[in-house]
Amino acid sequence: MNFESNEEQRLLTDSVRRFIDKDYDFEKRRKIIASPEGWDSNAWAALAEMGVTALALPAEYDGFDGGAVDLMGIMEAFGAGLVVEPFLPTVLAGRLVMAAGSEAQRRAILPRVASGELRLAFAHLERGARFDLSRVGAEAKRTGDAWTISGEKRAVVGAPVAGKLVVSARTPSGLGLFLIDTQDAELKRHATVDGMRVADVLLFNAKAELLGDGAATLAKIEEVNDFGTALVCAEAVGAMKYACDTTLDYLKTRKQFGVTIGSFQALQHRMVDMYIASELSRSMTCLACSKVDATGDAKERAHAVSAAKIKISDSARLISQEAVQLHGGMGMTEELKVSHTFRRLTVIAEQFGDEDYHLTRFGAL
Amino acid sequence: MNFESNEEQRLLTDSVRRFIDKDYDFEKRRKIIASPEGWDSNAWAALAEMGVTALALPAEYDGFDGGAVDLMGIMEAFGAGLVVEPFLPTVLAGRLVMAAGSEAQRRAILPRVASGELRLAFAHLERGARFDLSRVGAEAKRTGDAWTISGEKRAVVGAPVAGKLVVSARTPSGLGLFLIDTQDAELKRHATVDGMRVADVLLFNAKAELLGDGAATLAKIEEVNDFGTALVCAEAVGAMKYACDTTLDYLKTRKQFGVTIGSFQALQHRMVDMYIASELSRSMTCLACSKVDATGDAKERAHAVSAAKIKISDSARLISQEAVQLHGGMGMTEELKVSHTFRRLTVIAEQFGDEDYHLTRFGAL
Amino acid sequence: MDLNYSDEELVFRDEIRSWLAANLPQDLREKVETYAELTRDDLMRWHRILAQKGWVAPSWQKEWGGTDWTPVQRNIFEEECGFASAPPLMLFGLHMCGPVLQRFGTQAQKERFLPRIYNGDDFWCQGYSEPGSGSDLASLKTRAERQGDHYVVNGQKIWTTLAHYADWIFCLVRADPSTDKKQDGISFLLIDMKTPGITVRPLMLMDGVRHVNEVFFDDVKVPVENLVHEEGKGWTVAKYLLGHERMSAGRTGVSKRELAKLKELAASQPGNDGKAIIEDPHFRAKLTRLEVELMALEITNLRFLDEMRRTGQPPGADVSMLKIKGTEIQQTLTELMMRAADPADLEKYEVLARRYFNMRKTTIYGGSNEVQRNIIAKMTFGL
Amino acid sequence: MDLNYSDEELVFRDEIRSWLAANLPQDLREKVETYAELTRDDLMRWHRILAQKGWVAPSWQKEWGGTDWTPVQRNIFEEECGFASAPPLMLFGLHMCGPVLQRFGTQAQKERFLPRIYNGDDFWCQGYSEPGSGSDLASLKTRAERQGDHYVVNGQKIWTTLAHYADWIFCLVRADPSTDKKQDGISFLLIDMKTPGITVRPLMLMDGVRHVNEVFFDDVKVPVENLVHEEGKGWTVAKYLLGHERMSAGRTGVSKRELAKLKELAASQPGNDGKAIIEDPHFRAKLTRLEVELMALEITNLRFLDEMRRTGQPPGADVSMLKIKGTEIQQTLTELMMRAADPADLEKYEVLARRYFNMRKTTIYGGSNEVQRNIIAKMTFGL
C-alpha cells in the first residue's frame, strides 16, 4: 500500500503545474475562452512536448503506457487551473481506437495523437439517452467495404477542435465504433457554461471507417467511460482544492464587523465540512483511478468508479455552492476565478453521470 | 383564512396543558411508565372528565363532533408532556367503529369510549406488511352468524390496556373490520422504547363481531389512518417545540470556555435551523389536520397528510438528534427529559409510515 | 382554524386572475417563462399597465395610490402575479423609496417623487452596499460633506442592481465620520443619476448577464433638499426598510409557478431508463421534498399574514425564516430544473444552468442567509 | 500509487484472520453480533486471550509487550478484529494509561503498572470530564492538595465509562488553582478505586444500560508516587493522548462488519411492496451513500497511515476528520438498521433502536465533533 506518486509522475505533474502557473493563468484562460477557437494551440503543443498527450497510450504507438493513476496529478492540475484544452476527449477517443481498432488503425491514429498533432473526440451521446450508454440510435450502413453513418450526436465535448471523431452507431451485429473525419459531419458549435467547446454532430450518410463492432463494443465503451469518469473525478479534486483554498484565503482576509469573517465559528465549521468533503473525494479518486488501471473485473471497476462519482458529485455541489456563498457577492462575479470553478464543478457533477445515475448503477451491481 | 383556535379549543387545550403541568410532570410520567400497567387510570379519568375522550366522536353518541383541528392543541400538549395514555389508539379505533359499524354497534361502543369507560386499540399491523395498509393475512371465518378470526397482529399500540380491539381480517368479500374482546386474544405485552405499551395480538379462532366488510373497508382504514397521522404530527410538533425550548435554555445557561455555549455562532445557526424545522412542521400539521377534517376527497387528503408526515419525519429526526447533540453528554441520560423526547420523536418519525413510505405515496398521487 | 380563503378573498383572487389573463401582454409573459432578459422597457411597460389599473403600489398610503388591501389580499395579488408569469416589479422605487418617503419624507419630497415613482416615470436603484461593507452595512464609508446648499458625495457603491437603467438612486452615506457608534452619522440621500461625477461600471455576474454595477461618486453635488429624514438618522430609515424587505422574500407565487414548470419539464425529459426523469425515484424524491418545503413555506407565510391581520403589527424577526426558506427553495428549483434537462439538449441546459448560477445570489443579497440566522438568534432567541 | 496491501501484508492479514477464527470464543462473538451487553468478565476474557498471544498492545514499546508492527499492520489487526466481531478492548489501560506511562512514567511506575495492564489484571477507567467541564476540559476543578506523602483529592468526575468495573482510574486533577492559564496547574494522577472516599454512582443512558458513571472524591488520599510526569504538567500528558485517541476513531473494521450486517438485514426485512426493504430505492440510496462514505473513510485512513509510515510522524490535526466521519458513519449505520427492521418485529426493533440511541454518544464523547471541527479550523486552517 502506497499513496505516493512515483518519480516520473511527480516530475511530469510538476511540469504541468509550472506551465499552468506561468502560461495558463486566469487572465490567459479568460482570453482563450473568449477566442473564436476556444482553445490554445501553443498550450496544446506545450502539453504534447511534456508528453501529456502520449502518456495514456501504449509505448508501441509512441505512448508511455500510462494509466489513470499517472494522469491523476495532471488532471488535478487541470482542475485547479480550469484548463479548457481538449485533452480528456482526445485521450478517451484514443483509448477507444486502441480498444476497438485494428493494428493498422492504431498505427495510423495513435502516434499522431501521442505527438499532439491530432485531437479526437468521442461522439456518443444522443437525445433521450441521458447517461445510459447503451442507448444509441445512429445507424451505420455498409455498402461493399464502405460504411456511412446517419444520426445526431449531441453535446460532443471537443468535437469543434478535433480532427477525427470516434462515433458509435448501430450495425447489423449490434453496436459499432467508427472513425470519421470531422469535416464529414455537420457541426453545430457551442461554448458551454464552463468554457468548454462542444458541438452537436449531425451525420447524413457520413463516410465512416469501422473500428470494430459486435457484442463486446458496449463493454469497451463502458470501460473507457469509467476511465474518463475517474479522470474527471481527479479534475474535480483539483477544482475543489482550489475552491477550498481560495475560500479559506477569503475568510482570512475579508473583514466584517471589525474582524475577519474567518473568526465566525459558523463559517469555520462549514469550511471544515468543505475541506473534509474535498479530502474524502480525493481518497475516492485514488480508489477509482487505481481500480481503473489495475482490475480486469468490470464489476469491481464499476463499483469503485460509481462510488467515486457519487462522492465527487455530492462534494462538487457542496463545495461549489459553499465557496460562492462564503465569498458573498464577490463569488457571484465573472471577475473572480471561483465563479468559474463553480461552473466547472457544476458541469462535472453531471458529466459521465450524475449521482442519481451512479446510485442506481451502484445499487444494481 | 384564520389560524387561530376558537374559544372552545383554547379552553380545552389550556385545561389539558394545566393538567399535564400539575399532574403529569416528568417525575409523574417516570412513575407511570415504570408501573406494571404503564398508564394512569386517574389521568385517564381526568382527561375523560375534561371531555378529551369524547371530543372526536359524534354528538349523537355523547361526543362533541370534533375533528383533527380540535385535537391539534391537545396532541401538541401530549407531545410536549410525553403523555403515554392510550388516547390515540382509542380515538382511532373509535372512529373505525363509527365508520364501519352498525347503528347498534356504535350505540354499544361509542358512548362508553366518550365517557372514558372503554379504551380501544386498532389491531392491524402484521409481519411483512411494513406500512402497506392493504396487506392483511389474518382470516375471518363465518359459522352461521358467528365469526372467528385467526392470525397474528403485531405491535398493537394500546392493546394491553384496551377492553376491546378493532381487528382487520380477510373475509370472503375482501377485507373486514371486527370487534373482539381483548380477553379473547393472547397478548404478548411489551413496553416500547418511547414508554408506550403495545402487544402482539395472537388470535386462534377468536370470537369476533363483524363491524363491516367489503370493498370500502380499505378506504375507511386509510381515512382513519390519515386522521391518526395528522394527530401524531401534532404530537410531534409539541415534542419538537419542547426539544427546541429546552435546548435553547441549555444554550443560554451552560458555560464552556468561560461563556455560555449559546454565544457560539455555529450552535446558534443550528438552533435556528431546528427552530425553522419546528415552525414549518407546525404549518404542515395545520394543513394536514384541516384537510383531514374538511375534505371529502381522499386524494387531496392523502396529499396533505403525506406531505405533512414527510416534513414531520425529517424534522423529528433533525430536531431530536440536534437537541441531544447540543445538550452534550447530559442529553444522553435517562435523567433529562430531552432524552425521552428524543425517543418519542424517533418512534413518531416511523409511526404511520416513515418519510420514505410517504415519499412514494405522495409521488404516486 | 381555517386554511382556506374566505369567499370574499376568493372573489378578489378571481378578479385579479381574470384581469391578469386579459391584461398581461403575451410577449412579456413569454419572456418571463423562457427566462429571457427583461429590458428596461419591458419592466416599465408592465409597471405602467399596473399603475394605470391602480394596482402598482397596494401597500402605499391611500392618498398616494395605495389600495387599502388587507395583508392577505396583498399576498393574493403577489401570488397571482407570480403565478401568471408577470414580470417582476422593480422594488427599489415601489417597495423601498416610496414607503420611506411616505414615512420620513417632507411634503415637498412626497409631491415631487411619489407620483413619478407610482407612474413609472423614474427608474430607481439602491445604493447601500460598499466594497468593504456587505453584511456589515453600518460600516459604510461613502462620504457626504455639507457645503452650503449641497452635499458633496465621494465614494463607491457596489452590487447596485440595474443602476445602468436608473434615473435616481437612494443612498446611505456617511454625513459624520466622527461618531462613536458607526450606525450614527449615516444619512439617507436621493441622488439624480445624471448628476456630474457619477460613473456606473458593470459588474458581470457568472451567468454572463449585467444585473449589477459599481457606482462611483466623485465630488457629486446633491442639493440638501434631497436629504430624507434628518442628517445622521439614515440608519433609522434603513432599519424601517428591513422588515418591508423580508416579508416579501418568500415569493411563493413565483415559486409555485416554477414548481409547476419543473414538473412539466421533468415529465418531458428522459431519464436513464427510457422513462421520463420525473419517474426516476431519486429525482422524484428531491422533487417531492421541494414541493413539501414550498407547501410549508406557503402556509407559514399565511400564518404570518394572519398574525399581522390580527395584531396589526409588522412581523418580528421570525419573518427572517421566510427569506431563508424562500431563497433556498428558489435555488433548489433552479437546480432541479437544470438537472432535469436532457444533457444532450445544449440550449435548454445552458438557459437553465445560467439561471441556476444567477439564483445563487438570492442567499447572499438582501441580508445574507447567515445574517438572517443571526437576526433570529439575536432577536427571537435572545442569544 | 498502489492501494492494495503488499504480499507481506496479505500474509499478515491471513495469519490474523485464521488465528481469530480459531481463538475468538464463539459465545463472545455471538454476544457482539447480537449487541448483547458485555460483562466485565467477557471483556477481560478476550483481553487475556490476546495478551497470551502477545497481541493485546501492538503499539507499546517492545520491552513492555509491543509487537513492532507497522502502522499498516496495526490497522489490519484492528480491522480484522472488528470484522471478526471480537469484543472491543478496553482502551483506557491499553491505549491511554499504558502509552502515558511509557512516555512519562518513572521506571517504578512502569514496572508496577504496565505488566498488570498488559495481562488484564487491572481494569482501568478515565477521570477527565467534570460536570462543568466537558469540551472545555482545562477548566476542571477536582482538587489534589499535597499533604506530606499524599495528595488529598476532592471533587467529581462524570461520564466515567465502566467505572463500576474499574480497579484503577487515571485522573486529571488541579494541583494548583492559582495559575493564570487554566491549562497550567493540572496534574495526572493514578488512583486506586478501592481507596476510601471514592463513590461511584451510575448515570443511566437513554438506552437503559449502565455505561457511564459519576465518580465522587471525598478526601481521597493518593500516594505521591502515583503522580505521573511532574506536578502541574498534566495538560502535556493529556495533549499527548489526544492524537492517540483520534487515530483509532475511524473504526472502519467494525463499521465494515456492521455494514455487511445491515445489508443482510435489509435483504431479509420487508419493504412496503412485498419486496425486501433493500430494494426500496429510497432506502437503497441511503445505504449506498453510507457505503460510499465508509469506503472514503477507509481510504482516507489508509492515506494517513501511509503518511505516518513515510514520515514517521504522528498525524496532525487532520486526523480529527476520522473522528468526525467515523462517528457519523457509526450513527448512520445504527439508524439505518433500526429503520430496516420490520416495525412489526418488536424485539428486533427494540434492540436496534436502543443501539441507535446509544450510538448518539459517539459524536459527543472523545472530544465532541464540534470540538474536532474547532481543532481543524484552528490547527489546519490557522483560523
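Order of writing sets the chain letters: A, B, C and D. Residues in each chain are counted from 1.
Just so we're on the same page, a residue touches a chain if its C-beta (ideal position, glycine included) is under 8 Å from a C-beta of that chain, and two chains touch if they have at least 3 such contacts.
If you're wondering where the values come from, they're calculated on a predicted model, not measured in any experiment.
In terms of the stated touch criterion, the partners common to chain B and chain D are A, C, listed by label.
Among the other chains, D has the CA centre that is most remote from the centre of chain C. Centre-to-centre separation between chain A and chain C, using Cα means, comes to 39 Å. Averaged Cα coordinates give chain A a centre that lies 42 Å from the centre of chain D.
Here the spacing of chain C and chain D, counted between their Cα centres, is 53 Å. Residue positions of chain C with contacts to 2 or more other chains are 281-282, 285, 370, 373. Each of the following residues of chain B touches two or more other chains: 264-269, 359-360. Listed in rising order, the residues of chain C touching chain A in the complex are 129, 132-136, 139, 158-159, 203-206, 208, 212, 270-274, 277, 280, 282-283, 338-339, 342-346, 349-350, 353-354, 356-357, 360-361, 363-365, 368-370, 373. Touching chain C in their complex are the following residues of chain A: 125-132, 135, 154-155, 190, 192-193, 198, 200, 255-258, 264, 266-267, 321, 324-325, 328-329, 331-335, 339-340, 342-343, 346-347, 350, 354, 356-357, 359-360. On chain A, the positions that touch chain D within their shared complex are 1-5, 69, 72, 248, 251-252, 262-263, 265, 268-269, 271-273, 275-276, 279-281, 283-284, 286-287, 289-290, 294, 307, 310-311, 314, 359-360, 362-363.
Of all residues in chain D, only 1-6, 9, 72, 281, 284-285, 288-289, 291-293, 295-297, 299-300, 302-303, 305-307, 310, 318, 321, 324-325, 370, 373-374, 376-377, 380-383 touch chain A in the complex they form. Considering their complex, residues 281-282, 285 of chain D touch chain C.
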